[in-house]
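Two complexes follow with chain A in common, the first pairing it with chain B and the second with chain C.
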Partner chain A sequence: MSNEVKENGVSRRTVLKGAAIGGAGLLGGGTLLSSCGSDEASGPVKFTARTNNETGLKIAQALADAYKAETGIDVTMQGSGDTNAFQDGISQYLQGTPDDAFQWMAGFRTNFRADQGLLVDLSENIANLGDQMPAGFVSGATNPSDGKQYIIPTTWYPWGLHYRKSTMKEIGLDPEGLYNLDDFMKLLEGTKKKGLIGYALGDKGGWEAMGTFSILNVRLNGYKYHIDLLNGRAKWTDQKTIDVFNQFAAMIPYMNDNVLDISWEGMRDLLLQKKCGAILMGSWWANDFKAKSQEDYDDLWIVPFPEINPEFARDTIDAPVDGVCAAANSGNPAGGAAFAEWCGSEAGMLAAQAAGDTSLYANSRLDSSGYDAFNKQKLAVIGEAKNVMNFLDRDCRNDFAGPIVGVQIQNFLKNPKDINKICEETQAAWDALPPLA
Partner chain B sequence: MSGIVKDKKYRNRQKIKDAFISSFIGLFAIVWMVPILWTFWTSLRPYDDIIQKGVFSRPDTLNLKNYADAYRLMNIWEYLSNSFIVAIPAVFLTLFFGSLLAFVVTRYSFKFNLYLLLLFTAGNLLPVQLVYAPLFKMYIWVGDLVGNRNILYDSYLGVILIHVALQVGFATFVMSSYMKTIPKEISESAMVDGASVFRHYWNVILPLLRPPLAALSVLMTTWIYNEFFWAIVLIKSDNKRPITSALGRLQGEFVTDFNLLAAGAIMAALPTLIIFFVLKRQFVSGLTLGSTKG
Partner chain C sequence: MSQSATKIRTRRRRAFTRKDIFTLSLFLGVPTFLHLFWVWIPALATIGLSFTYWNGVHLSDIKWAGLANYNTVFTASPQFYDALLNNAYWLLWFTFIATPLGVLLAYQVDRAIRGHKVYESVYYIPVVLSLAIIGIIWRFMLGPAGLVQVLLGNPGIEDAIPIFGNYSINTYVILSIASWRHIGYIMLLYLAGLKSVDASLREAAVIDGATEWQTFRKIVLPAMAPVNTIIIVITVIESLRAFDLIYILYGTSTGWPILGMLVFVNIYGQAASMLGAAYAVILFLLSIIPIVFYLRTVFKEDIK
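Coming up: the complex of A and B.
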């Protein structure tokens, strides 16, 4: 098992490395190209960073400064204020007097606003970036309704199975070689025997468990079925969907019994305090392990969620992509588009990295040799995937994701026997939704 | 003899009653104080300490580092001045309009006096979230009309106006009930002496309104200062937002250092606390103002 993962990871990485070397040769040409794309753009640019904390603002300011240094165009950066409020108020932000460029999330949250004409078409800018932008990210940024891109991907993070290597060793599993459902069941049984929680889950926020649902769906039924299901082209009442819930229900005996009372922070704490075997999440909290001790951080590991159906293996992953959009109602949309493009280019990402950004970058030319073992493993995790999901609440309409699917998953966790009822209700709720304007 | 016994009995009963009431009040005081004290306690502890040992652990270190960090990160003076740029004119205008209205509805009798008063107070019953969407459209529309979208949206003026609109009802309500306690004869003699309506308001009634004006200005300054919603939704530029939104600077997208946030919250609450302790008497009298006659 372990060999398979490693081989796969290595081969992916080698391919990426090859691309990086090939790309280096084209570096001069690439810079020329990107400056070609921005010839119509001039005048100062305003830029909203979707962040409010010190590091985020510092990185955003570094982007603005580096852009000014390279092109001579002034960029005024501002923080978004409370990020949740910014996300909730994005419609008003874009209809009012938005800044020319702003940091945003790929997927439905971009495409919906693009369909309303609030965002600038960035397809040309994506084309300008050429081979710098890996194909997976281009497809992740593409709006299905018109095939164009409205966001320049910059950073991303994978949702994977996190666990402690030491715990795996204790129960006799290869700590880096968890591959399929058999391994996963061994993990659950082994940790349960030790008196730990096998698979810790929290769903207080209503979104945490969406990750588990999505990954089970793509492992059982594949990426296409999952996206179809979320967008009304497949039925929630289909046996395939019910199978997903059945698989989910089979994991419940290995879970903590206060799933609805804890949020993702509770899940993290269970792993941090060695009270559980594994959790499925993005690894944005990895620094908390570092804060506890370097030893704990070195103990932390991530693998793709195990294979269930060999037909789909581990070909899909949740990896929400963040990026930069340009607002159509702004004072200088062309300037915003050029700046967005630059943020996605090698130069932009190097500027962010120099300012201390530790995210994973969506640019094939970036050198990953400075990454620590855990971050390299994250690269390997995504390297194995052919399809990238943006997380459930970014892959479908927002009035369906949170208020309906999120709530029904909570209902399911409360009463796992109600699967049929839950699927019927979810389908009925989808059918009752008004068409999107 | 029996009189004394009865008296003693009465006094004992009174003592028990007093003790009961005091302990009840004390209990509630504790319930109210605990979150504040807990916030203060949290603000003294470093984040790493909590992560390692849990929230309910005994601390190794207690220091003011969180305060120093929060002060540095929050850019506190800029945001604080924004708060007052909004709060001071808003309070001033609210009291001015409120007193004018209260003056008219109490000193002159129209048929629809009561309905007018009801209408103004009813505005306060609507949840702000409901008002927000149409208000936003209206602000943009007015902006397009004059050719500058930022005349109301994303400007202090817009936030001040909505605060005035929402608070004026309450101010009118309080001041009109107070004005009803001012003898009618004062107004009558003013009229007999030939005072114009404005003079009647400005020179006769307004000076008598000092107690409710003081109480309301204290109340409203703290309300508007603590307000968060309008500043978030109507102001797009972060450097125009008030202190309450500066607290957001201390939060990450996913991970929040609650110890740092607690320190920031305490600092942001300081001005309201200072206002409260300096003007405590007005604050308390404001709560019972006009309650004796309505």
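Coming up: the complex of A and C.
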């Protein structure tokens, strides 16, 4: 059976850590600044931002404007509308008349479409970026089936426990020093006693709770087991997998009642409105806190999910890489590729930063000493981990992640007593998958 | 005699001038062609594709799968039976609750009860909205921080009563929302039919001393046979093709699975595979068998 997602030979982790933490130090002298890509790239570019969020669109428009100011090339930016719908329709979109460049996600979602010939090979553009692009991101963007890159990494973010410092202070708890499961359960109990939601979760979109599942799995069973499980080398019916669901179930009493009614936006709003203690999510929405007020943003903090099994401590984290791809079937693929490259360059990232983007950047020229306290903490959270994951739905086949794992986690949240049945069904569904074409 | 017969025959033959034949073939041919091209060819292609493995991008990647997709649907799909059940609920609800209510309303409005003009408008308004819009409206009303939640005294996200994600009530909520439109639709169709029933028939029944119920059962219902057929077919089709409302309420996470949604997710989504085609064929068979069966019995009676 060839239904395994091929993994990168290079470990992302070692290189990423060096790049992220000591990024500025890596700056060698004498490298030519390659601000713009291939020579044939000209003509107006159409760019789709993978967001329907006001802040995200503002940042994307700022990128388009800055590119126009620098190169004189017009960029027409449009939002993707509902992001889940955009993600679902991506194969069809890329076979139709797509925009030249679009924001996308590294990992299986890119590599699979690259194998189908729907994306422009950006290896040359990555090479143009030279030492600006840290090696860890290059390896993270590399398609294992042909060793080429089809996405220009721009930003990444850790999945950690997010909380508001002021809320925790009010209820007299300090998650900063939180290390193991006992500390965590005490925190949940403490927040619940104060009448707040201990661990806010939403799973309306069917993917949000994958983050909780993944982190519990790597904490209990380690990184290798998790990746093996997602790629069919470990069994869903294994007691180890069942234990993950049991641990998940133990947290349900501390969650909101309407998990299946709210999406990640609901989780963010619960935190923003000081209605909950902690949420486990990626930090991409920190932009929205900043857009609300600097005070809210300064109040936001992140710590790694606690240790459960000392054997694996806190050695793994989800830290997905986002970036820009160029569509092969577009009107101006070369222009799209050049724009994608520019988005990954220092100039592009500075433009996004100026527009209020609080993400961590995949560029070594960007001095991390200029990061604010929250971003430094994000780096520290990633820095503690030895293994970096791309998030469940980018780490395994799309026809397994969404329609099976996502659905089964929802089924589990509907009826947490059904764990054994859910695990059996999931294994049966994996076994029935056709070979990956 | 024979002369006149020939005359008729020739006249008939002459009735189709060249222009007539041209017009007729245009009027029959174009729709037939479009129908074949847009409906039957894709339908047959889908049936073919359901026996293959394919991700929908390059035709060269297609592989013969035999019955494997059907096997997966029946034995290894975490949602197939839930979806079947939800479609069945939908059909039962529409057949026994929504459609009869629509008929009842039409009958009352037709009797010109007091304020019937108001009722007619009120019940008809949702029909001008598509189910997608209806989904958006009700999602706003019932979702966290929605109007209904605020009126119930739960304005915050944290204390919003779970509705669409609450599996002990969401089936009823969804079906009520769908009925909101369906009732008006049926009412309108039936009302149009009732207007065409000869008023003297009912007057005669009243003079003969028939009760209201007897008049309805023995006079109105039989006189409305063609409309009844349409209504039954519409009810079955609406129940099985249900999709837009669920897509708006749940997206592709299929929180409340129905067959239409499974077709979409598995043939269109990131997870495109011909599993979706297999679901589509199953849905197709489920829809067409009862309809063909029903239409056959009805037309048989007509021919008699």
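Methods note: the second predicted complex is superposed on the first by the 246 of 437 C-alpha atoms of A that agree within 3 Å, B and C clash if a C-alpha of one lies under 4 Å from a C-alpha of the other, contacts with A are read in each partner's own complex, and residues count from 1 in each chain.
One rule holds in what follows: contacts are C-beta pairs under 8 Å (C-beta built on N, C-alpha and C of every residue); 3 or more make two chains touch, one makes a residue touch a chain.
Owing to the predicted nature of the structure, the values given are computational and were not obtained by experimental measurement.
S.K.: For A:Cys276, is the partner it touches chain B (first), chain C (second), both, or none of the two (neither)?
M.R.: second
S.K.: Given the touch rule stated above, what does A:Gly89 touch, chain B (first), chain C (second), both, or neither?
M.R.: A:Gly89: touches chain B and chain C.
S.K.: State whether A:Gly79 touches chain B only (first), chain C only (second), both chains, or neither.
M.R.: After superposing on A, A:Gly79 lies in contact with chain B but is clear of chain C.
S.K.: Looking at A:Asp257 after the superposition, I want to know if it touches chain B, chain C, both of them or none. Which is it: first, second, both, neither?
M.R.: So A:Asp257 only meets chain C here.
S.K.: Return first, second, both or neither, reflecting whether A:Glu54 touches chain B, chain C, both chains, or no partner chain.
M.R.: Only chain B; A:Glu54 stays clear of chain C.
S.K.: Which partner chains sit in contact with A:Val407 here, chain B, chain C, both or neither? Use first/second/both/neither.
M.R.: Once the two structures are laid over each other on A, A:Val407 reaches chain C alone.
S.K.: So, A:Asp399: does it touch chain B (first), chain C (second), both, or neither?
M.R.: Second partner only.
S.K.: With the two structures laid over each other on chain A, which partner does A:Thr97 touch: chain B (first), chain C (second), both, or neither?
M.R.: Only chain B is touched by A:Thr97; chain C is not.
S.K.: Going by the contact rule stated at the top, is it chain B or chain C that touches a larger number of residues on chain A?
M.R.: Between chain B and chain C, the winner on chain A residue contacts is C.
S.K.: Of the partners chain B and chain C, which touch A:Asn287 in the superposed model: first, second, both, neither?
M.R.: first
S.K.: Under the contact rule defined above, give the chain A residues that sit at the interface with chain B and also at the interface with chain C.
M.R.: 82, 85, 89, 92, 95
S.K.: Which residues, counting only chain C, touch chain A once they are in their complex?
M.R.: Within the complex, chain C touches chain A at residues 53-58, 61, 63, 65, 68, 71-72, 75-79, 143-144, 156-158, 160-167, 250-255, 265-266, 268-273, 275.
S.K.: Provide the residue numbers of chain A that touch chain B in the complex, in ascending order.
M.R.: By the definition above, chain A touches chain B via 50-54, 56, 78-83, 85, 89, 92-93, 95-99, 264, 272, 284-285, 287-288, 291-292.
S.K.: If we count contacts the way the header does, which residues on chain B are in touch with chain A in the complex?
M.R.: Residues 47-48, 51-52, 73, 136, 140, 149-150, 153-154, 232-233, 236-239, 241, 245, 248-255.
S.K.: Taking the complex as given, what residues does chain A use to touch chain C?
M.R.: 82, 84-85, 87-92, 95, 109, 116-118, 197, 200, 203-207, 256-262, 266, 269-270, 273, 275-276, 397-404, 406-408, 410-411, 414-415, 422, 425-426, 428-429, 431-432, 434-435, 437
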